[in-house]
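So, here's a batch of structures to check.
You will see two complexes here that share chain A, one where it goes with chain B and one where it goes with chain C.
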Partner chain A sequence: MSRPVLVVGGGPSGLSAAHALAAAGQRVVLVDKADRLGGAPILSGYAKLVPSGEWARDAIGGMVRRVETNKLVEIRKGVTVKSFTGSPGDFRAMLSDGKTVEAGAAILCTGFTHFDSVNKPEWGFGTYPDVVTTTQVEQMFSSGKGVRCPSDGREPERVAILLCVGSRDRQIGREWCSKICCTVSANIAMEIREALPRCNVYIYYMDIRTFGLYEDLYYWESQEKHRVKYIKARIAEVTSDGKRLLVKGEDTLVKRPISIPFDLVVHAIGMDPNIDNMTLSAVFDVKLQKHGHIEKASTYSNMSESSRAGVFVAGAATGPETIDDSIAQGQSAAMAALALVRSALLEAAE
Partner chain B sequence: MTSGVVSERTAIGDPVSNAPVVAYEKLEEVFEDIRAHPLFDHELHGCLNCGICTATCPSAHYYDYSPREIVQLLWTENLEGVYDAMQEKIWSCAQCYTCAARCPFENSPGGLVMIMREVAIKHGMQSAKDVLRPFSRVLLKVISTGNQLAPNMITREAFPDWGPNVAKVDAPLNILRKAIPVPTMHTMDTAWEVNLKTSVELYTIWEETGVLDQLETIDENLFDVVSDVMDEKRDEYNEWLEEQQE
Partner chain C sequence: MPIHEKSLIRPENLVTHEHLELDGVDVSGHWSTFITSRAVTDYNEQMQEEIASLPGGEFIHRCWQCGSCTNACTINAINPDFNPRYWIYLIRMGFEDELLRDKDILWQCVSCNRCTYACPRDVNPEGVMKATAHWLELKGHTEKKPSTVFDEAFSEQVFATGKIEDGRVLRQFFARTGQSLFQDWLVQMIRGLVSRLPVGLLMKLGFATLKRPRTRGWADASAAIEEYVEECEANARKALRLDMQGAE
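For the complex of A and B:
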């Protein structure tokens, strides 16, 4: 019998890879540094997902249960990998709990880290309680409490969503587009308008990138059906007059700077490389690309390969990624890993 | 180009303005001087038109001035627009560079304005002359002594042309100056009394860097005065040198 495949990270891509491998009869050891599976959608309390509209706890929770009840998947929660030695088909992983896992291959499904808005102090996060992140708004919905101003619990009448917070910004070394924030923001804006019909929602953008099929379902529908206003302007500062937040921007039509009052300002935060990527790079001996994400060996011939043979990578570990594409990449990496361990098994039998 | 065919470029003019028509060649020449500036590519990388520069610009609050517009005119190579901006708008910038600190592309609209100002001076544009005229006394002092003034000189008597606001300056400037954490060489009493050798070296710098050429273009009278001062100082210095040899 072939050695198990080590899947590192139990978010959408890791759950998908583990399930796909087990479905093909392959044993899997799934490790996660958190004490529960599900990754960002579960740990950060996402609400309704794009594009299905399903609640994260149902959609991703279902993936968690599917893997947790599979006898071929051995789950180690609350542990990290300390060393990873050997060669394809014959790896040995030392875990932080002192145990060892012998694995035929590994798949890094280590995901991303949400951008910390404190790194853009001029936009008021950490200074004003009513400046929040998209993740916090997701939590307001998923907790059932609804969108309220944290300062006094009132229902906001004017909400500003600032796009590209921690993305497309050379000043803070984030030169990438985080890919999902435009669509997520349009989704959140529609949810706010549904929950609080008297509330006006404005989205401040540089470009709108509701790519692919999200154009009409999110960008257009948020305007046509939900009257969300899109304003092309990057906000310079968020301040306060003591009562409301003041958002300072440029009215690009008349080329004049303006200050606009808001009750709630939402940062559409981007996806940073996982803060553990330097450690992961050293432990698994895989290269990181220029921005600090795990480098893919090939774009076309074997998209799941990392720079080290036998170590595969999937999902947001390689760069900003959607949940559904992460799931697809998890399956893709499972196929690549499966091919490796099966061929190693055949060679050993000969 | 096919021989015999003369390209007829009509001069560009504003139909509702009385301003004289500017030849297209002149517009090109001005723009080329801006683009050829060694810092141009360093200050301009592209533009997402996000407007954070204008949103954060203190001058944009008070004047018909938008750093985003400046960047866009240069990036899209709008020759008429660039030339037009140099007639007034570029002089509204306070050179605080907040735009550069905020731009997600790390452009420097303030730096671009600086380049445009240099080119406006090089071409002797009336806007440059008009803007710098009230500063002729400051220019004279800076160019002839290397510094403008010492704190104890800021009095109503010394600067009647500054208007009544100068009287409001009642801070203990001498003490504050001593609190500056870098050596100030105690220049507060000697700001305008500059060592002869230093003066002559300073004049060499002005000449070699083209500052004097700029001054001649912008303010010929001031240039004459400065030249006289420089000649005088150089004579004094040479006399002193000869004395030392004797």
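For the complex of A and C:
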């Protein structure tokens, strides 16, 4: 019997890789540093997912249960990998709990870290309680409490969503587009308009990148059915007049400065490279690319390879990624890892 | 190099005080001219809803400001200040003051509908122009245009009789717009008609002018039309939160 495949990270791509391997009869060891599986959608309490509209706890929760009940998958929670030595087909991983895992291959499904809005102090996060992040709004929905102003619990009458917070910004060394925030923001805007019909939602953007089929399903739908307003402006500053938040910037179309009162300001936060990527890079001896994500060896021939043979990578570990694409990449990496461990098995038999 | 921002200063925003002291400093006169802030301090969500409630304005909220309408526009080619894309934005954000600055050119739309066919989002900009001109009138921002006076004289007659008597429309139009009936071109045209048309036809025209015949059984249709027009106007006034009597 071949050695198990080590899957690092139990988010959408890790769950998908583990399931795909087990479905092919391959043993898997799934480790996660958190004490729960599910990754960002579960740990950060996402509400309804794009594009299915399913609740994260149902959709990703279902993936978790599917893996947890599979006898071929051994799960180690609250554990990190301390060292990873050996060669393809014959790796040895030391875990933080002192145990070792003999593995034929590894798949890094280590995901991302949400941008910390404190790093853009001019937009008021951390200064004003009514400046929140998209993740917090997701939690307001998933907790069932609804969207309220944290300062006094009132229903907001006007909400601003600022796009590209922690993305496309050389000032803070984040030159990438986080890919999902436009669509997530349009989705949140529609949910707010549905829950609070009297509340107007404004989205401040530089470009709208609701790519592919999200164009009409999210961008157009939010404008046409839900009357969400999109304003091309990068906001200069979020302050307060003592009662409400003031959003200051330039309205580029009328060439006039704006200083508009809002009840709630939402930062559409981007996806940073996982905060542990430097450690992961050292432990697994894989290269990071320019932005700090795990580097892929090739774009076309096998998308799952990292810079080290036998160590594969999938999902948001390689850069901002959607949940459904992360799941597809998890399966792709499972296929690559399976081919490796099976060929090692065949060679041993000869 | 000229300073671009200077072009953004509007004469009415320049303030000069004859006698003014600030913190003990004399700031009177031309050398201490102030410029009032241009900052926009609020949106008005109601304005888009008002335009959307008038016929033609229904799809204004679809606009994403690509400028296809303005690029396609017949009038914009002649008058660059005629900018439907811009006005749609002003309405959507509720920048009423900015829109009113253009109230005297906004009606120039000739309804060629080139914008309608250019618009990728089916905003129907031509309809929005119509709705906006209507809105300006209902709100009392613009006076009735001569063409509206003409339309009223025309449609009143149709509603009343089911027929059009051109002479009467013309007489009412000139009377209501305070113009002489004896326009050179009109006098010439009537002279021409009288000298060239067969006597029988002239007598028929004369009879129609004097007797104002109605379409047979028109009363029901007339009442139905009146009711519908009243309903439309009442809806428009309600949407604009105007009382039933008139603007203001």
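Assume the second predicted complex is superposed on the first by the 350 of 350 C-alpha atoms of A that agree within 3 Å, B and C clash if a C-alpha of one lies under 4 Å from a C-alpha of the other, contacts with A are read in each partner's own complex, and residues count from 1 in each chain.
As a convention for this text, a residue touches a chain if its C-beta (ideal position, glycine included) is under 8 Å from a C-beta of that chain, and two chains touch if they have at least 3 such contacts.
Computed from a predicted structure; not experimentally measured.
*Asks:* After the superposition on A, what does A:207 contact: first (chain B), second (chain C), both or neither?
*Replies:* A:207 sits against chain B, while chain C stays out of touch.
*Asks:* Look at A:102 in the shared chain and tell me whether it touches chain B only, chain C only, both, or neither; answer first, second, both or neither.
*Replies:* neither
*Asks:* Is A:230 contacted by the first partner chain B, the second partner chain C, both or neither?
*Replies:* The second partner, chain C, only.
*Asks:* With both complexes superposed on chain A, which partner does A:255 reach: first (chain B), second (chain C), both or neither?
*Replies:* both
*Asks:* Just checking: does A:170 make contact with chain B only, chain C only, both, or neither of them? Give me first, second, both or neither.
*Replies:* first
*Asks:* Between chain B (first) and chain C (second), which does A:58 come into contact with in this model arrangement: first, second, both, or neither?
*Replies:* A:58 sits against neither chain B nor chain C.
*Asks:* Under the contact rule defined above, give the chain A residues that sit at the interface with chain B and also at the interface with chain C.
*Replies:* 232, 255-258
*Asks:* What does chain C use to touch chain A in their complex?
*Replies:* 8, 37-43, 45, 48, 61-62, 64-65, 86, 89-90, 92-93, 95, 98, 121
*Asks:* Under the touch definition given earlier, write down the residues of chain B that touch chain A in their complex.
*Replies:* Contacts found on chain B: 48-57, 60-61, 66, 68-69, 101-106.
*Asks:* Would you tell me which residues of chain A are touching chain B in their complex?
*Replies:* 122, 164, 168-171, 206-207, 232-237, 248-250, 252, 255-258
*Asks:* What residues on chain A touch chain C, complex-wise?
*Replies:* Touch residues, chain A against chain C: 158, 200, 202, 220, 223-224, 227, 229-232, 251, 253-261.
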